[in-house]
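Below you'll find the structures, each written out as C-alpha cells.
Each of the next two complexes has subunit A plus one more chain, namely subunit B in the first and subunit C in the second.
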Partner chain A sequence: MAVPKVCGIETEFGIQHLGGDGNPVASSSLLVNAYVGGLARAGWDFEDEQPGNDARGFAREGALPPEVETHLVNAVLTNGARYYVDHAHPEYSTPECPDALELVRYDRAGEEILRRSMRAAAQVLPPGQRIVVYKNNSDGKGNSYGCHENYLMDRAVPFSRIARQVMAHFVTRQVFCGAGKVGTETAQAGADVPYQLSQRAEFFEEEVGLETTLKRPIVNTRDEPHADPQRYRRLHVIVGDANLCEVATFLKVGTTAFVLAMIEDEALGSPELVPANPVQAIRQVAADPSLKTTIDLTDGRRISALGVQWELLERAVKYAEDQGLGAVGGEAVGREVLRRWEEVLHGLETDPTEVAGQVDWCAKLQLIEAYRDRHGLDWDDQRLAALDLQYHDLRPERSLFQRLPTEHLVGEEAVLEAVGSPPRGTRAYFRGQCLARWASAITSANWDSLVFDLGTDPLRRVPMMDPLRGTAEHVGALLDSCATPAQLVARLSGRG
Partner chain B sequence: MKIKIERPDEQAAAQIFARYLTPDLPLDPGEVERLGGGDPAKAVAAMIDATVAEMYRADEENKFLEVTYQNGDKEILYFRDFASGAMIENIVRRAKKLAIKRAIAGEGSGIRTEDLLESIRREYKENEDLPNTTNPDDWARISGKKGERIVYVRTLLADRDETRGGRSIERVGTGQYL
Partner chain C sequence: MAERELKRRTAPSTREGDEEEPAASAQGERQGEKLKAELDDLLDEIDEVLEENAEEFVRNYVQKGGE
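Entry: the complex of A and B
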C-alpha cells in the first residue's frame, strides 16, 4: 500500500517595486519583513540544508553576489509554513498537507499572506513607492520562477520507475493545470505561437535532472527528503504552474497524488504510457490550445494530451476500486478528485470555455479573446501581455482573476483560519502549535526539527522525521497538557 | 571542467605520510623504544603502517557515507574512498597538535600512534573540503564511482556531536508522538 501522499506547494512570487531602485532582493526582503515583523515565529534552521542549492529566480547568473543570500529573511509561521526570500523572490512554502483539498486551503492562505505583506510594506515604504506581487511563473522576458510541488513517497520505490512512469502525466496535466500565457519567451518555443496552455512548459529542456533554474528537467531529482531517508522520499516537482483557480490547484495535486500512488503500488497498469520525446511533447502540448495535437509514445502510438489523461483517469478509477483511496487523501477527497478529473476532461474535450471557472488557461484565454475582439488587436499587442500579467496581480483591486466567476472549493473563513493555524493531519500541526505557544523558546525550526532553548544548556533538538506523525491526533492532548516548553520536552522523551 | 585525481592506495598513502611524518619530529620516547628499538626512523615507519591500516580498513567503524544513485542503487563508502594527500597532511597536523596539547598538560611529550589514529576520525568528521551531504550535486563531482549520478548522501559517521554557536544541542527522544 502506497504511503499517504502528504503534499505541499512552494510558490515563488513575481515582484515589482514601483518607484523603487530595482533591487528585487531588497524589495523581497522588505516585503517579507514587513509581514513577519510583528508575528510569532522562529528563524529557519539551515542545519540540514544547502540554501545555495535552491538557486532560483529570474536574476541572471552572476547578477547577484552570493553574500547577499545570507542576510535574507527566513521565517516559520504558526500555520506551519515557511515564508522567506529565495534569491530575488518572496517565497511561500505551504505546510505539509494531508490531501489536495487541504493544500488548496493553504495555498490560498499563502495568497492572503502575500496580500497582507503588500499592505504592511506600503506602511513602511516612502510615499510614491509600492511593492506589487504576482502569482505567476515568468517575467515575460524569458525568465521563469517556480511553483514546486512536493509529495511524500516510499523510499523503496526505485527512482527510475517513478521518472519513467510519471513522465506522461507531467507532460499532459497542463491541459487542466496550465496557467496560460500570451506568446512565447524562448527560442525553442518559436515566435509564431499566440497563446500557450502553460507558463512554465517552454522552459523545460531535459527529461530528468537535478537543476531547477537552468536546463530545467521535467522530472527533478533533488532528493532532500526532510524526513527519515530510510523510509521516505520527497518527490520535488518543478514542472507545474502557479494556479489561481482553486479547482486547478486541486486537480494538479490530486491527480498527481493518484499517479504517484499508482506508481508506488505498481498499479499503473499496461500498456505503459511513456512519451517518446518528453521535452518536445511538453512544448507541443503547451502550444496548442485546440488540444488536438498528438504526441509519440515509446510503443509507437500517437495520442493527444487529453487521450493520455483519459487513460490515466481510467486507471485511477480502477486503482480506487482495487486499493481504495487511503493513499490519495481518503474517501471524500479521493472521490472528489476522480469526479472533477472526469468533469474537466469532458469539458476540455467539448468546449474549453465550459471549464473557464476551473482551469486558469481557459479563464485567461476567454478574457483575452474578448478583449482582443473588442479592440481588434493582434496577438503580439503589448496590451494583451499586460492583461496576462494583470490576471496574476494579487492586489484585490487590480486582479483580473478575482473579477471572474471561478469556482471555489474553500470558504473565505477557512482560508483566513489557515493563515494562522496549521493543518491538523501532518507534523505541521506540531510545528505550528509549538510556534504559536512557545515561539520565544524556539531558537530555530525547519521541516524536520524544532530546536528549543529551555534557558539551560544544552539546546534541545526535537526531531520530526515522520511527516505523518505529530498530527492533532498524535500530539493534541500532549500539547494541551503542557504549560511550558520544558514540560513538553520532558514529556516527549517520556520523562515527566 | 572535470579533473580526476586518482585516490592514493595504501602504498601511496604510506608514502605521503612519510613526507609529513618524519623521524626528526618530536616523537614519544616510549614509542621510539617500543616500535623502533630506539630508532626513530623505524618507529615512524611502524606508526605509518598502523595509521594506514586503520585508515584503509573497510569495516563498520570506518563507514563514512551511504550514497544513493539515481537508479536507486545504494553504496557504502569508507574513509579510504575519500583519502587524499591533503587529508593525510591534515591528519599529521592534527596529530602534532594533540601531542602539543598533551605536552602542555604535562602528560608526556612527542607524537604517539594513538594521536594519528584519533586524528583520522576527527579529520573525516570535520573536513570542510568534503561537500555538504545535502547537496548531492557536489558529490556527483567527487565520487560517482559507478558513473551514475548520486542523488542522496547519508552520513554514517558515528557519534557525531552537534554544536551550534558554541552551545551543544541534545537530541530529544520523541517516543510515540513524532
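Entry: the complex of A and C
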C-alpha cells in the first residue's frame, strides 16, 4: 500500500526593492528579518540528523554534531514552516501537510506572511523605499526561480520507474496548474508564441537530473529524504509554477499525489503513458492555449495533453475504487480531487474561460484578452507584459489576481490561523507546538529534528524521522502534560 | 465509488493517419455577454491600479535566477 502522500511546497518569490540599491540578497534579508524580528524563533539547523527512532517516532538524544552557523536569514515559524533567504529570493517552505487541501491553506498562509513582511519592511525602510513581492516564476528576461513540491514516497519503489511513469503527468498537468505567461524568453521556445500555459515549461532542458538552476530536468533526482532514508523518499518536484488560484494549487498537488500513489502501488495500468520526447512535449503543450496540440508517446500513439489527463483520471477513479483513498488525503479530500479533476478537464475542453475561476493561465488570459480588445493592443505591447507581472503582485492594493472572481477553497480565518499554528496531521505539529511553547529553549530546528538547550550540557537533539509521527493525535497529550521543555525531553528519553 | 462514465469529450488518442478531432466549443451567447459586462467592470477597476509606466515597470523587473 502506498505511503500517505505527505506534501509541501517551497516558493521562491520575486522581489523588487523600489528606491533601493539593487542588491536582492540584502533586500530579501531585510524583508525576512523585518517579519521574524518581531517573532520568537529558532535558527535553522543544517546538520544531518541522527538515525534511530522509538515507537513515537522520536529517538533518544545522543552525542551531538557541532552547530553550523549560517549567515543568511533562516527561521522556523510556529506554523512549522521555514522562512529564509535562498540565493536572491525570499523563500517560504510550507510545513509538511497531510493532504492537498491543507497544503492550499498553508500555501495561502505563506502569501499572508509575505504580505506582513512587506508591511514590516516598510516600517524600517527609509522614506520613499518599498519592497514588493511577486508570487511568480520568471522575470520575462530569461531568469526563472522555483516553486517546488515535495511528496513522501516509499523508498522501495525504484526511482527509474517513478521517473518513467510520472513523466506524462509532469508534461501535461500544466493544462490546469500552469500560471500563464505572455510571450517567451528562452531561445528554445521560439519568438512567435504570444501566450504560454506555463511560466516554467520553457526552462526545462533535460528529462531527468539533479540540477535545479541550469539544464533543469523535468524529473529532479535530488535525494534528501529529510526522514528515515531506509523507508522514505522525498520526491522533489521542480516542474511546477507557483499558483494563485486555490483550485490550481489543490489540483496540482492532489492529482500528483494520486499519480505517485498509483505508481507506488503499481496501479497505473496499461498501456503505459510515456512521452517520446518529454522536453519537446512540455514546451509544445505550453505554447498552445487552444489545447489541441498532440504529443507523441513511446507506443506510437499521438495524444493531446487533455487526452493524457483524461486517461490518468480514469485510472485514478479505478484506483480509488480498488484501493481506497487512504494514501491520497483520505475520503473527503481524495473524492474532491477526483471531482474537481473531472470538472476542470471538462471545462478546459469546452471553453477555457469556463475555468477562469479555477485555473491561473485561464484567469490571466481572459483578463489580458479583454484588455487587448479594449485598447486594440498587439501581443508584444509592454502593457500586456505589465498586466502579466502585476497579476502576481502580492500587495492587496496592486494585485490583479485579487480583483478577479476566483474560487476559494479555504476561508480567510483558516488562512490566518495557519500563519501561526501548524497542521495537526504531520510531524510539523510537534515542531510548531514546541516552538510556540518553548522557543527560547530551542537553539535550532530543521525538518527532522529539534535541538533543545535546557541550560545543561550537552544540547539535546530530538530527531523526528517519520513525517507521519508527531501529529496532534500522537503528541498532543504528551505536550500538554509537560510544563517545561526539560520535562518533554525527559519524557521522550524515557526518564520522566 | 459507483462505476460511472466520465463526461469526456476529447478523443482518447490517434495514430499516424487518423483524422483530427473537430473543434468542440458551444457556449451560450447569453453567458458570454454577461461575462463581457463583468469583465468591462473589472477592467475599469483595474485601470485604477495599473502601474503607471508599463514599459519602465517591465524593464525594471529583473530577477536573479533561483532554486
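To be clear about the criterion, the second predicted complex is superposed on the first by the 474 of 496 C-alpha atoms of A that agree within 3 Å, B and C clash if a C-alpha of one lies under 4 Å from a C-alpha of the other, contacts with A are read in each partner's own complex, and residues count from 1 in each chain.
Keep this in mind: a contact is a pair of C-beta atoms (placed from the backbone, for glycine too) under 8 Å apart; a residue touches a chain by one contact, two chains touch by 3 or more.
Computed from a predicted model, the values in this text were never measured in an experiment.
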item	value
Partner with the higher number of touched subunit A residues, subunit C or subunit B	C
Which of subunit B and subunit C A:1 touches, first, second, both or neither	neither
First (subunit B), second (subunit C), both or neither touched by A:371	second
Touching partner for A:416 - first (subunit B), second (subunit C), both, neither	neither
Which of subunit B and subunit C A:14 touches, first, second, both or neither	second
First (subunit B), second (subunit C), both or neither touched by A:332	neither
Which superposed partner A:470 touches (first subunit B, second subunit C, both, neither)	first
Partner chain(s) touched by A:191 [first = subunit B, second = subunit C, both, neither]	neither
Residues of subunit A touching subunit C in the complex	12, 14-16, 24, 86-89, 91, 134, 138-141, 143-146, 148, 212-213, 238, 292, 294, 297, 300-304, 306-307, 310-311, 313-314, 317, 320-321, 335, 338, 342, 345-346, 349-351, 353-354, 366-367, 370-371, 374, 382-383, 385-387, 389-390, 397-398, 400, 403-405
Touch list for subunit A against partner subunit B, complex	47-50, 52-53, 158-160, 208, 210, 221-225, 229, 427, 430, 451-452, 457-466, 469-470, 474-475, 478, 489, 492-494
Complex interface listing, subunit B residues touching subunit A	68, 70-72, 132, 134-137, 140, 149, 151-152, 154, 162, 164, 167-178
Subunit C to subunit A touching residues, read off their complex	1, 3, 6-16, 18, 21, 23-27, 35-36, 38-40, 42-43, 45-46, 49-51, 54-55, 57-58, 60-67
